[in-house]
Amino acid sequence: MNVLVLNGPNLGRLGSREPDVYGTASHADLVAYCTQAAESLGLSVEVRQTDSEAELIGWLHEAADAGAAVVLNPAAFTHYSYALRDACAMVPGPLIEVHLTNPASREDFRHTSVVSAVANGVISGFGVFSYILALQAVAALAPNEG
Amino acid sequence: MNVLVLNGPNLGRLGSREPDVYGTASHADLVAYCTQAAESLGLSVEVRQTDSEAELIGWLHEAADAGAAVVLNPAAFTHYSYALRDACAMVPGPLIEVHLTNPASREDFRHTSVVSAVANGVISGFGVFSYILALQAVAALAPNEG
Amino acid sequence: MNVLVLNGPNLGRLGSREPDVYGTASHADLVAYCTQAAESLGLSVEVRQTDSEAELIGWLHEAADAGAAVVLNPAAFTHYSYALRDACAMVPGPLIEVHLTNPASREDFRHTSVVSAVANGVISGFGVFSYILALQAVAALAPNEG
Amino acid sequence: MNVLVLNGPNLGRLGSREPDVYGTASHADLVAYCTQAAESLGLSVEVRQTDSEAELIGWLHEAADAGAAVVLNPAAFTHYSYALRDACAMVPGPLIEVHLTNPASREDFRHTSVVSAVANGVISGFGVFSYILALQAVAALAPNEG
Amino acid sequence: MNVLVLNGPNLGRLGSREPDVYGTASHADLVAYCTQAAESLGLSVEVRQTDSEAELIGWLHEAADAGAAVVLNPAAFTHYSYALRDACAMVPGPLIEVHLTNPASREDFRHTSVVSAVANGVISGFGVFSYILALQAVAALAPNEG
Amino acid sequence: MNVLVLNGPNLGRLGSREPDVYGTASHADLVAYCTQAAESLGLSVEVRQTDSEAELIGWLHEAADAGAAVVLNPAAFTHYSYALRDACAMVPGPLIEVHLTNPASREDFRHTSVVSAVANGVISGFGVFSYILALQAVAALAPNEG
Amino acid sequence: MNVLVLNGPNLGRLGSREPDVYGTASHADLVAYCTQAAESLGLSVEVRQTDSEAELIGWLHEAADAGAAVVLNPAAFTHYSYALRDACAMVPGPLIEVHLTNPASREDFRHTSVVSAVANGVISGFGVFSYILALQAVAALAPNEG
Amino acid sequence: MNVLVLNGPNLGRLGSREPDVYGTASHADLVAYCTQAAESLGLSVEVRQTDSEAELIGWLHEAADAGAAVVLNPAAFTHYSYALRDACAMVPGPLIEVHLTNPASREDFRHTSVVSAVANGVISGFGVFSYILALQAVAALAPNEG
Amino acid sequence: MNVLVLNGPNLGRLGSREPDVYGTASHADLVAYCTQAAESLGLSVEVRQTDSEAELIGWLHEAADAGAAVVLNPAAFTHYSYALRDACAMVPGPLIEVHLTNPASREDFRHTSVVSAVANGVISGFGVFSYILALQAVAALAPNEG
Amino acid sequence: MNVLVLNGPNLGRLGSREPDVYGTASHADLVAYCTQAAESLGLSVEVRQTDSEAELIGWLHEAADAGAAVVLNPAAFTHYSYALRDACAMVPGPLIEVHLTNPASREDFRHTSVVSAVANGVISGFGVFSYILALQAVAALAPNEG
Amino acid sequence: MNVLVLNGPNLGRLGSREPDVYGTASHADLVAYCTQAAESLGLSVEVRQTDSEAELIGWLHEAADAGAAVVLNPAAFTHYSYALRDACAMVPGPLIEVHLTNPASREDFRHTSVVSAVANGVISGFGVFSYILALQAVAALAPNEG
Amino acid sequence: MNVLVLNGPNLGRLGSREPDVYGTASHADLVAYCTQAAESLGLSVEVRQTDSEAELIGWLHEAADAGAAVVLNPAAFTHYSYALRDACAMVPGPLIEVHLTNPASREDFRHTSVVSAVANGVISGFGVFSYILALQAVAALAPNEG
């Protein structure tokens, strides 16, 4: 199965951004980890990052058209982008929301996700490993989906 | 009078997106319907769609400069884009907010519009026909405006 | 198709009531406009007004029994009359909520409608023309309904 | 590493309880799946279930004393048991909150977790597989913890 | 010290946009004023404007990389763009939020800023002069920062 | 003891109104059931229905003057008619609020009753049988009251 | 000047209704007191009472047409009847809201008036004397009004 | 039909606990009344009481397995025990929530029930007689259920 | 009877303070009006003003000790001074809250009074005449009080 | 006088549980301190701890039957256990709520106590000494109680 | 150690103020009790009372400068005086908030304290004895402080 | 132009009060800085501080009478003193609210200002330099004002 791993705003700064919060792995490291994990799971993965809500929406449309699974870290869009939510709702395959940190133990505004309700599942708090778990979930869910 | 019919995020997916909710007409169909209706009303219409908040704002600036009327379906931006609202407030001619569905009978977050307060009027719930009604309203309002 | 145009409390005062807000057309003018518009649309229309919640509810029962379409301006009942809402929910044909003004740009209490969720659609902000648009919507929706 | 997989109220009814929501696997199946997964991960696992808040708290104390990792499905306690939360806060090793379903797409009261803030991470929405992912997360986190 | 003066959505319309609210100075005037003020303060300034959240975020990343100070007028993004907030939090140098008007004396939705908590300071209500004051604050803060 | 069974707005439509929600018994059936049940309980009953808040209030005044017990289904008035509440508070004998359905399992606005606080008791969710139970409660309470 | 003293729901029960709260004067007594007080103030007064929102609204329309002053005790309508509020807003002469009791020292729901904002003034807490004070206020305000 | 009458925390103290609020009948009296009433209705009844949430949940599981009807007085659990709610939701037969007093006329926290939404009906305010009415409701509902 | 007329913060500025809101009468005029009115009512009056919460509280203590009636315009203290409220609660004689304007038709924060609940009555909206009405109320209430 | 000192969930972990928050004294130390203090005050004391809500409720019933005073640290039950509150309300003798820490300076959820309203008094913030103060209060209150 | 016992507004009225709520001891009695208790504890105490927020703040500054402990009954200032809170935060020694009554069992507005978060501890509900307990707490805390 | 720099409660403690939050400059330093800055701007400045709401209000009256500009740091009064707000509203010249710290990044209660809505502008977060910026703003605004 094809999987799009989609990262939202500011995630391109991984490694340099508050490393005590987000860890020291860079976005390139994240791409490498995901690629390697996908391979071992027999998944084909593509990892992208954008600060643009519109571009992120476009990628979700692409996933919808391609029947691809999605691992989505909406970053701060999590808390207000209903446009992203509507795009997520169009994705028929498994769509998994991931977070590097555990939003529930951070600022109040991070406790609300407008996206979760249209995701299949949510994984948060394990740093880069959240993505690896999500890929495993995709691998496990995929047979049930397609 | 010139009219810009502006469609927000995910509306390019009309027809394929939850057809039981949004109907089976595609965006191209919508363009055709609007063009035909505008013609019969003596209006010059241009229908555009974007997933980008910035592009949508730019089109509203364009309408403000051109003195064009606007029929706006802000889609999910309806619920949070104060930037869009500020842009709408600059449009001197008639600006009409439309929705394909009736947001009041859907999820709670769809009950709030941050745009309505700066629109001349709101039409929702009639599918593609919401646009046709809005064009008629533009035709009726226009003499009063310009 | 038969259409009942039903106007709620204080709308009998149109023309004399805050003309800068509600316009200068009287209720009699409204009746004339609607009758004329209905005729040209091939609809049979009856326009009524009452300050009584019970009478308004009774008219909705009448519409339900007759299979008539309804264009309803609930006026201030919009904001609290759940009894009206329950009556609206019984009307099988198209039921369209209209407002002369745009409630979203007025006092806070006017931003909430307890009726919209059970209407097919909502049209607000176009003065008397809101009714004409609603009649057109009825004409357009009717074939789908009956 | 030793792992306690702790299940809260009503989870002993798995399989018979709303199977369309919670799946058809029984609690015994869950135990088997977890045991097998733990083994392959080199973890020693014990799976327990209780409807009693006090017993669940006691098991968390036990984990704290033993330095065991915890995979916790607090079930309905998630939404109000601050006593459970306080007990979770005492567990030094990795503590992962899991849910079979995705609470964000269910009733409003399920959108709030009083436990998440003191968990290392949260995994929800993957049925029994949520537990397997959590065990993998424990395996991945464990070297960092102890 | 280098300073990026960053203006958010609709601010390119200064002068033509509600001049009684925002004043008659155009964005070009604003650039000129800021450049002149910066020069006299020994600062190197660049003034930019965009309607795009993603572009604004990118500029903040640029400031973070360059160690530049930031004077930011987030315009309507102030009220909802947590993505912008996260980008602001990455800027190590002084970051000052400015507003032409005093949001506290305008509509309710303008009373909330999701950005202020991660700014060094806030200056609002002085029209274009808000920027000049902010540049002075940068000049004063800079020695303490770098 | 004399008992007034008073039904509020839209209850005259029983049987034809959303039969899957309210059942298939008509209001005439309801009258028959109540009359029969009252007879077997040694109570004298009169069943009335109105869509008018004022008429309902008048009946409560009548009950207050006559010392009659009241079984009241306020229907949608339940949620906002403080005038009805004030009238209920004047009834010295037993006053029992009944509902055909269980409001707690329906829309949010049905979860609030402005009348319950001045009723002796509340019975909801048993269809027409709610009334029979209420009559039994009246029979049981009556000796204590008069 | 002509004055309409208009009493809302349940006020016809004065004297018999919770005399410890509302006093022992009957509505007839209230009429007599007001008539006598109006006479001594050179005002022509008519005192009416109704439990019907529609009738009360009609009387306000009558006052608006006649240019009469209004002393209004909306009783429980105070707390929800926006229809009454809209009717009050049409009365050009002095309109004074009165209450026998002090709503601020009673139940929470009595702390909110949807009518006060469109009244010239409010007098509450003095029993029947609230009306006498209101008539004096009318007498004092009238020269300024007409 | 078998019926479990299940009483929650503190109800074992009936008779000695605030007799002016809860009446003078003891829990033993309650058992006797219910047994006698059940007999006359052809029902087999068992009355139990516990202060333990877990035990109460266990009894609901037992009812679910046995296909028994349930008359449940959740006492203070009413207001927060989502675990109890989840257990109630598993009971296929009639489940009726009862209260001795009318919670709507007591403290604010008693106005909220987290259980009602999953009950077939609710009976409150009739003291011990609430249970007798519930048993009658069970008898009436039972043929429809099984 | 002795009456203390007590005016809170900023009321010494009457006449010069927003005359379109508060009228053109100065505080000295207010004193004169009140003195004259009191005389004609057979009351002994003293009018005082202070910007100090503590002094205002002291005057209320004085009224409590002297058994004097109080006409109190708490001005902005109305909205937050619970210390004032506690002092008002100690005054045994009639205590009447007055306002020059009608707070209900002004800013939201003026809609809440923390004092009203412990006043005998409230009179607002009649400018200086509010005080005259209050003095009449004192005269009317006094025989009942002392 | 007999005094039951009752400690709620997780308090058995004192000393090992977040010592920087709760201090280094163990529960055994707490028992010793209380016993010694009680002795010097002429009180007979028994100190118990449980993680079980039901057991804690049972102990309060025991205190009610025995006429014993209660010093209660409800721990996390403070914030949600209305069942505990109802049990507290049955204790006729002095019941004092104590906390080791000052909940007002900790997380938001600790700012609400559902128990305080039915306690005679509350003492918080003094570590183990909170209990000693409470015992003194019992000694001082006891003569007034019994 | 020196201790300032500081009493806020209206507490000078003790004994005469609602004796059923606040007890019959006068403020002079309170001074005597505190002095005597302090002496036996080896503390030097000074008891003051003021209705003035500014004076109370000044005394807290004095305590901060002198390194004195503070026993503070903020009376009604408890609920809104953030200025008092800021002053309390400056006191380095033990600062204990006391209340004669138990605010949690009184009006809603008394349930919120803006001061507690910056106090070392809180003691409420024991009448004058609340102060004695606070002095003991000071004596116990003092060695740890200085 | 004359400028009054007015500092509210606890600001006399600058330097000694939480220096990590408020800086090490004393109030005397603040006076010196302001005086020097004003001189260089051609302004006449007077800096005052008080803990008394009444005195602060009096100074604002003084500014209103003298036509002086005001730089106001309301300190904790910011969050509740509507009396201060009303006094600010009377000042015709420029009135600028300043804060040493950035309230938006501190406790929740500091996020609300009841004063800002009636200020010309707000400057916060720059320590003592906030005042210098405000003086510059006064200098810039003054020609427009007088």
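Order of writing sets the labels: A, B, C, D, E, F, G, H, I, J, K and L. Residues in every chain begin at 1.
Here, a residue touches a chain if its C-beta (ideal position, glycine included) is under 8 Å from a C-beta of that chain, and two chains touch if they have at least 3 such contacts.
Remember, it's a predicted structure, so these values are computed and weren't measured experimentally.
Common neighbours of chain B and chain I, by the contact definition above: there are none. With contact taken as defined at the outset, chain B and chain F are each touched by C.
When the interfaces J-K and C-G are ranked by C-beta pairs in contact, the top one is J-K. Centroids of chain E and chain J (each the mean of its C-alpha atoms) stand 54 Å apart. Once the centre of each chain is set as its mean CA position, chain A and chain D turn out to be 23 Å apart.
In this assembly, the C-alpha centroid of chain H lies 48 Å from the C-alpha centroid of chain K. Contact with two or more other chains is made by residues 52-54, 80 of chain J. Taken pair by pair, the chains that touch are A-B, A-D, A-E, B-C, B-E, C-F, C-G, D-H, D-J, E-L, F-G, F-H, G-I, H-J, I-K, I-L, J-K, K-L. Remark: chain C residues 96, 102, 104-105, 113, 116-126, 129-130, 132-133, 136-137, 140-141 touch chain B in the complex. The touching residues of chain I, counted against chain K in their complex, run 52-54, 57-58, 61, 64, 80-83, 85-87, 89-90, 114. Taken in their complex, chain L has these residues touching chain K: 8-10, 12-13, 16-18, 50-55, 75-77, 79-80, 109.
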